[in-house]
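Please go over the structures that come below.
Next come two complexes built around subunit A: one with subunit B, the other with subunit C.
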Partner chain A sequence: MPVDRKYDAIVIGGGHNGLTTAAYLARDGKKVLLLERRHVLGGAAVTEEIFPGFKFSVCSYVVSLLKPNIIRDLQLSRFGLELVPLESTFTPLEGDYLIRCADNDLTRQELYRHSPNDAEAYNKFGQTMSQIGMAVRPILNTMAPDPTKLGFSGARTLMDLGRHFRSLGSDKFEQLAKLMTMSSADFLDEWFEFEPLKATMSASGIIGTFMGPKSPGSAYVMLHHYMGEIDGVFRAWGFQRGGTGAVSMAIARSAEHFGATIMTEADVSKIITRNGHATGVALENGDEFEAQVVVSGLDPKRTFLNLVDASDLPEDFIQSVKNFRIRGSSGKVNLALDGLPDFTCLPGDGPHLSGAISISPDFDYIEKAYDDAKHGSFSKRPYIDIVLPSVLDPDMSPPGKHVMSCFVQYAPYDITGGWDDSKREAFGDTVVNALARFAPNIKDIILHRQVLTPWDIENTFGLTEGNIFHGELALQQLFFLRPVVKWADYRTPVRKLYQCGSGTHPGGGITGAPGEMAAKKILKEWR
Partner chain B sequence: MKSFDTIVIGGGVNGLITAAFLGKAGNKVVLLEKGKSVGGLASTEQFAPGFHCNSVFDSVPWINSVLSTDLDLESHGFRFDDADTALSTPGTEGKTLSISPDTEATSRSIAQFSDRDAEKWPGFCEKISMLTDFLEPLYGITPPPIPELDLTSLLSMKPMIKPVRKHGRQNLVELLRILPMTMLELLDEWFESEPLRGTVAASGIRHLNQGPMAVGTVFNFLHHHVGSESICPVRFVSGGTGQLTDALQSAAETAGVEVRTKAEVSSVMLQNRQATGITLADGEQLTAGAVVSALDPQSTFHLVGTQNLTPRFRRRVKNIKFRGATARVHFGLKSLPQFDSLNEKALKSIVSISPSLSYVESSSDAAKYGQVSQEPWIEFSLPSLRESSFAPLGKHVLSATVQYVPYHLRGMDNATARQKLRNSVVAVLETHALGIADLIEHEQMLTPNDLESKFGLTEGNINHGEMMLDQFFFMRPTIDTAQYSTPIKNLYLCGPGTHPGGGLHGMNGLNAAQLVLKGN
Partner chain C sequence: MSIQTQFTGSTSLKVTPFHKRTSVLNHSQEWRRWSGYLSATTYDLTHDVEYYSIRTKAALLDITPLHKYIIKGSDAGIFLDRLVTRNIKVCKIGQVMYTPWCDEDGKQIDDGTVQHLSENRFRLTSAEPNMEWLTHNAAGLEVDISEDSEVTASLALQGPSSRAILNEVADENIDQLKFFWLTERWIGDIPVTISRTGYTGDLGYELWTPKENALTLWDRLMEAGAPFGITPTGLHALDMARIEASLILLDVDYISAQHAAIDLRKSSPFELGLGWTVKLKKKDFIGRTALENDHRRGTEWQLRGIEIEWEPLETLYRKIGLPPQLPGMAWRTSTPLYSGNEQVGYATSGCWSPLLKKYIALAHLKTEYAKEGTPVQFEVKVEHFRKTTSARVVKTPFYNPERKRTCP
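Let's turn to the complex of A and B:
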């Protein structure tokens, strides 16, 4: 198919945010070209059949944060979006277990077995977190102002936020201030006493970050994960039927429906500029495309240190991009199984296998896993977040067989001596051994195994240092500081070049928010 | 029953300052100190026959200048001794890093390890001094009640205009960016040589339960640089740190304050949720219009009685994080030990054992699991080299601040922790001064548990509550007591548990005194 050379807008990167921007621009009538380096779309939200008959959400594996208005605007349900709620979280222990499920009564009954105090505190905690989540959500939908030169609209934004926080009252404001600054362990200690509960809940404060549950700052990451909603249901995680790649595919189909052109195996090597304006892109194979506007869905380091000529950027901006923290800390192990894992503490099949399974018996377990990583090796006893999508979605695997996705921390990008094949295998073995401690049959039912180290994640998905959030969710990298102060509103120092990836406000997760807000900014500034 | 305008509980720096300022304003004030002399954490004491030490603080980097001018501390015998101060760190191959107020000399010292870092040093000094320029006026402000801000409390933020004018709004944003960073992140932006990174990082973890890879350590680092001209500042009080509180006592008494020692308060008297006075341990009761406590918040509200607090407030007080992790060690030595790479000039000032950032971080690991660090971060000095009166002729005192020794021990009692502390300190010192173990004649080990019983510090925390971002400004010590007042009418707080936190700077006492005067 002959392809045009001239477009209104070119979007670099076919991850879910790039696709979202492309779809919104196309929906507004712009002629859009999206370029994806790989042969498949989705970026980190991708489904691939790695072993014959076994489909995996290779990288990102659950959906919680996708904004409902995006689902509506882009008519995603019509294009194949179908989320199945993740019903439970199961934490196997030595000789016992903890299970929390969608049925609040059952959960509290189960908690009561471990700690009456925690059973009592559980609902109040959930309410508080959701109230604070709702209070923070408007910020996620606010264009970050430039605080160094507050114009009228910037000042108004800040005043609105001030009024908004005043309305919280002292109790909730106190909790919010604590969530912004504390460790998830300290924060949860103020509410609960049963260690496996606290440890499992704290895990959402470490996912994707280079912190332990006792590291201050991790409570914010926990809150970030609480802000998700599926179909208006608060704090509900879900699977996408067909894997997370199907989310991306739904957005891609929507974009195409609105008229966008999508090209795969189109590796952008350079953003072309003239007089400080972006005018197009050049591909690795020498092809060039022109556009009025170029948007990058890549992380800030890839965009500004690889694709843009340094002479087009101010020196202090380049330094700020270099200073942007993006340490990778996680790995992924995808297993093709001949059956279901059998947990010693809760043998046999059951509803506990259809939700998330968390290897997080206590704080020390996770904290020690972090200690290993910060001293330069992968965790000897890692934290693992497991899902078995094939239990709810039989199309993911051949009949009677299963796919198991293990998200693992910690696997540091900067491992001493660097990653190599033998370390990758050793890491895979460590994960399997950690599983076998609670489900001893696992070793006998593994048919295939795919291990992704942070280096693999970087090479395959183009995530710098393998960081799943395109940059850490640390206080100094949020809101008007993400990714660089003065440039937190999706614009860049190169005119007509915008960014729309997770490295921008409000950050990572399958939210679509950066993509949506970038598109809105671009359209607002369109001439 | 004796009656006063104000009763101040606790004779440390802040208690004395509050009392002195209230006395100067014409109030009839009594200050009650449990110990046999005032001083608190600023005490200088004899720990073995003929051997003296500064109990907790060897160096006092910053005292608010208002104190010396308004209270004329010099005339009461207080003087800084700033000769030859530096923070030294033994590096590899016999090289010593020396950080002093002389920027050029420091750069030369850094150049032994890295030319690049030496070049960057003056810029770093400027940057930190710019950032602390913002904090200094903030420290003189009573935190506004948040979130119920009104115009008056916003106006109280007026002193912040000056630094914003001086450095620009861009730099205020830079402060916001840097404040929540970890020391690792800050240092990654600046330096590569490990002894320098380790030593600067160590001044971010002082008195914390966290290592330099924790969020909030940059805030703690900046806190220790407010009001100081240089990086890793060292300042000595002539005659020992205790001279500061002796001078404050004399200033307070000159202002008409009655200072009572060996006067332990057993409870605060209440009437209709108002403080009306105190009861002493011997049964004597004193009444007053206002009671100001320099004790930490938990100890203070213990005197009030938890049954007199609302459940919400009780929860807030209970949730204050203390977790002391700093120990103090004092050795009386037979003679001056021979250090491999440290000369007498370095020993006369302060020495930090911080060869690398990861060394300091590793030393924090054990504390997370209730264990005593085997290779701790140690900062020591030999005060007897400056003050010959500290030790008998020819003998010496070595005082060390040691991290990490947790308050909450696991699988051991305090006596075992003390033994482990001694072993690891001696082992680390031996690697720099072979044979030092044989010189020890006397010793005093103060674990956080010991600091708690000796100084009445909850969980042995020297700052009366962790200096972390979640306990800063309007959150210190709790969201409803950040204005030095408490839910108990006429009961005020003036200790380091309040804004702006720990140290011997005296800002807490000064701010609280102003508030009490307004309240009266």
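Let's turn to the complex of A and C:
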């Protein structure tokens, strides 16, 4: 227990972004206190041994966009960061399959088997997306320029971006415009013909949003995921040794190395203000801490509707926060397995088990899954994004046994009648049945099942409505609109109160970007 | 998905006793020469999986081509102590020492490990054949030197799961085997010497057994290692790991004094970052006088680690509309380093470290530019045109996980 009551900065929430902000502030010599409500750090990027001997990346399960400069700045490799790339994406089908892997020749041969056109278009598509990603990516690395208040620096950033966009050339610019407006299904239809390929690719356009592949705007979300970068290679997903919690722990160790104090089981109940300035926080247990600067890593609704007194905020700001769309659309099923799943279409062990496994046979499948959710129930045949972390990292489970992470969409937060134990179990059964359709042995090898509904995600991890991104990644709430127009630069209407979570620009995923940029903004404004 | 093939082409190169297994597993059919042997460069079509297995699981490498000598006799210890720069007199039975050895001018001939196997019995490993040099220097001593390369098969098992795998197969747990020590174990009915050594800078072991046992040992390890993610690994992945660990490679990072065509090509251990291995308190060893001079006067050159900075490199590429083109594997082309207009050194091997997210290289620098933090300019070809980009001298090893040295 730290005896100190006074700090330079207090960070609320030990998720990976909060930790990143704390580490950057501490690295600059600030006296930092980070407060985490739970007994473990990591927020949604957490590893927990839910069943003896089996470690689950309970919520967030892959790492794509963790910024390399953060890894270098915070010396994360030294503190245990070890990212392993997922080797393939496998889409099981009835009687056939689609697999894309690290080797270009193999992927091309496999695509050719299904569609010579797609085999040809695939590389061109990748190149186009990565060039567009390159042009858009600077936005992820800078404060979102806000055209509603064009000061000198804002104008310059916008001009820089303009230059990047111009460098794309007209055909790529056309693609970008389409990405900004179209549905992922329509966009992919222009490129490819093999349904399982399109459906699997479109899935990254719906993750964490309450949209279907045919909803306009979903194409942009797909691009957002394309901007992931590992070693200069775009769209490479990685897996952290020890689970995603180990990413958080590496950042936490770095923060402590730079001198930050980290307290767990410290539930902040209120941000204390005086004359419109944040001056500290109060905990649930009555303890109070003072600081010159308070930073919240929680989602905007938690921060502004729960922790800050409404009288400290402008009415229109509160309204905007209330309007911020944060509908949870996904659930998580984590399985402890006695062996490996055996897919009917590709039996036995093999490289197809060491990457992502996607239950996404066609657009209709996913769109119907969305239809169920629109009408207030979980998908009867859900889209599932599966990884078997123990195949890449044997430490995740006892030898010969495995852990399986299933990200499931859709599981709406607003389910008719509300979630309860029986609905949770029914949801778990549905997911297992959907898996069993392609890997029938799954039912015989389950040793333990953990099912997380959006309600569980909200209750346990503090994510409002169970939304994994602290707010949907939809165009109307990205860039200078995230989370609220005029307040997309990590500042808030309360002076000396900042925000650093996924609800801020550039959004969710294990990127560290909001945390890093918030810290940089805070340090710039420090006096 | 894969077609099982066996490499059936004929070759005049030697094959190791593991070839029956490695040749079937080598999906890429890519081989490199290593001391006259055929050695797998990458088993998988891409080497990433193998690289990551070194750092996150367990990599199994056939290192039989490594030159090995058994040195025994009542003067064996004295002989080795005179030959190498480290103090072999303090090398206890069961201990292993990494050491270079030099010619009379204190220029490095080779580097390897000395394993103290038993009373008056040692194994010396080296990158190049050293029989002549050894025999020549053993004159008058009670020593018997024999070529061990054809007798002993060796494997490296490297990575965080390596210990768990050996505990599965060995008759007795190896938890307490310390870094740079060795022990004898039975794996099934095979006697195996296990040394906690390697060329990856990670937790890892090297296994030494009479070559008749090679296939049985391989099979046993592969079988028991499967649940731990054991991965046959080739030289591409190893090359990246050894750069991250800042372990130098003969003929790449330096040239043996034995066959350097000109004096300029020769290096003293003090110039290769191996000053710590030169025990000048020892009364007599080959090259001592020259090395004492080096130590006193300092050397003109230093081998250092450099990090090529990301942002300037990214800017160079962005100007032409490309993301930074990073080397997919380790390179070994001498690359100039500048300070202003003056060339102040050259990098001899480098790679993008996927783990550290850093572009790193081993480099020879003039001593005045070798201090940690010194900025230098690294030559890089951006779309065919030579440019320079910022780099700086950093501490080595680039990667040094705690588990390398710790015991559970």
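Going forward, the second predicted complex is superposed on the first by the 523 of 527 C-alpha atoms of A that agree within 3 Å, B and C clash if a C-alpha of one lies under 4 Å from a C-alpha of the other, contacts with A are read in each partner's own complex, and residues count from 1 in each chain.
Throughout what follows, a residue touches a chain if its C-beta (ideal position, glycine included) is under 8 Å from a C-beta of that chain, and two chains touch if they have at least 3 such contacts.
The shown structure was predicted, so the numbers you read here are calculated from the model rather than taken from an experiment.
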Partner chain(s) touched by A:Lys214 [first = subunit B, second = subunit C, both, neither]: first
Touching partner for A:Gly95 - first (subunit B), second (subunit C), both, neither: neither
Touched partner set for A:Asp103, first subunit B, second subunit C, both or neither: second
Partner chain(s) touched by A:Pro52 [first = subunit B, second = subunit C, both, neither]: neither
Which superposed partner A:Arg325 touches (first subunit B, second subunit C, both, neither): first
Subunit C-contacting residues of subunit A that also contact subunit B: none
Parts of subunit C lying in touch with subunit A, wherever the complex brings them together: 1, 45-46, 48-49, 52, 55-57, 160-161, 164, 168, 227-229, 310-311, 318, 321, 323-326, 352, 354-358, 399
Of subunit A, residues touching subunit B in the complex: 147-150, 162, 165-166, 168-171, 173-174, 177-178, 181-182, 186, 190, 211, 214-217, 323, 325, 364, 367, 371, 374-375, 474-476, 480-481, 485
Contact footprint of subunit A on subunit B as seen in their complex: 146-149, 168-170, 172-174, 176-181, 185, 188-189, 210, 213-216, 312, 316, 319, 321, 358, 361-362, 365, 368-369, 468-470, 472, 474-475, 479-480
Subunit C-touching residues of subunit A, taken from the complex the two chains share: 68-69, 71-72, 77, 82-85, 87, 99, 102-103, 105-106, 130-131, 134, 167, 230-232, 234, 241, 346, 350-352, 354, 391-395, 399-400
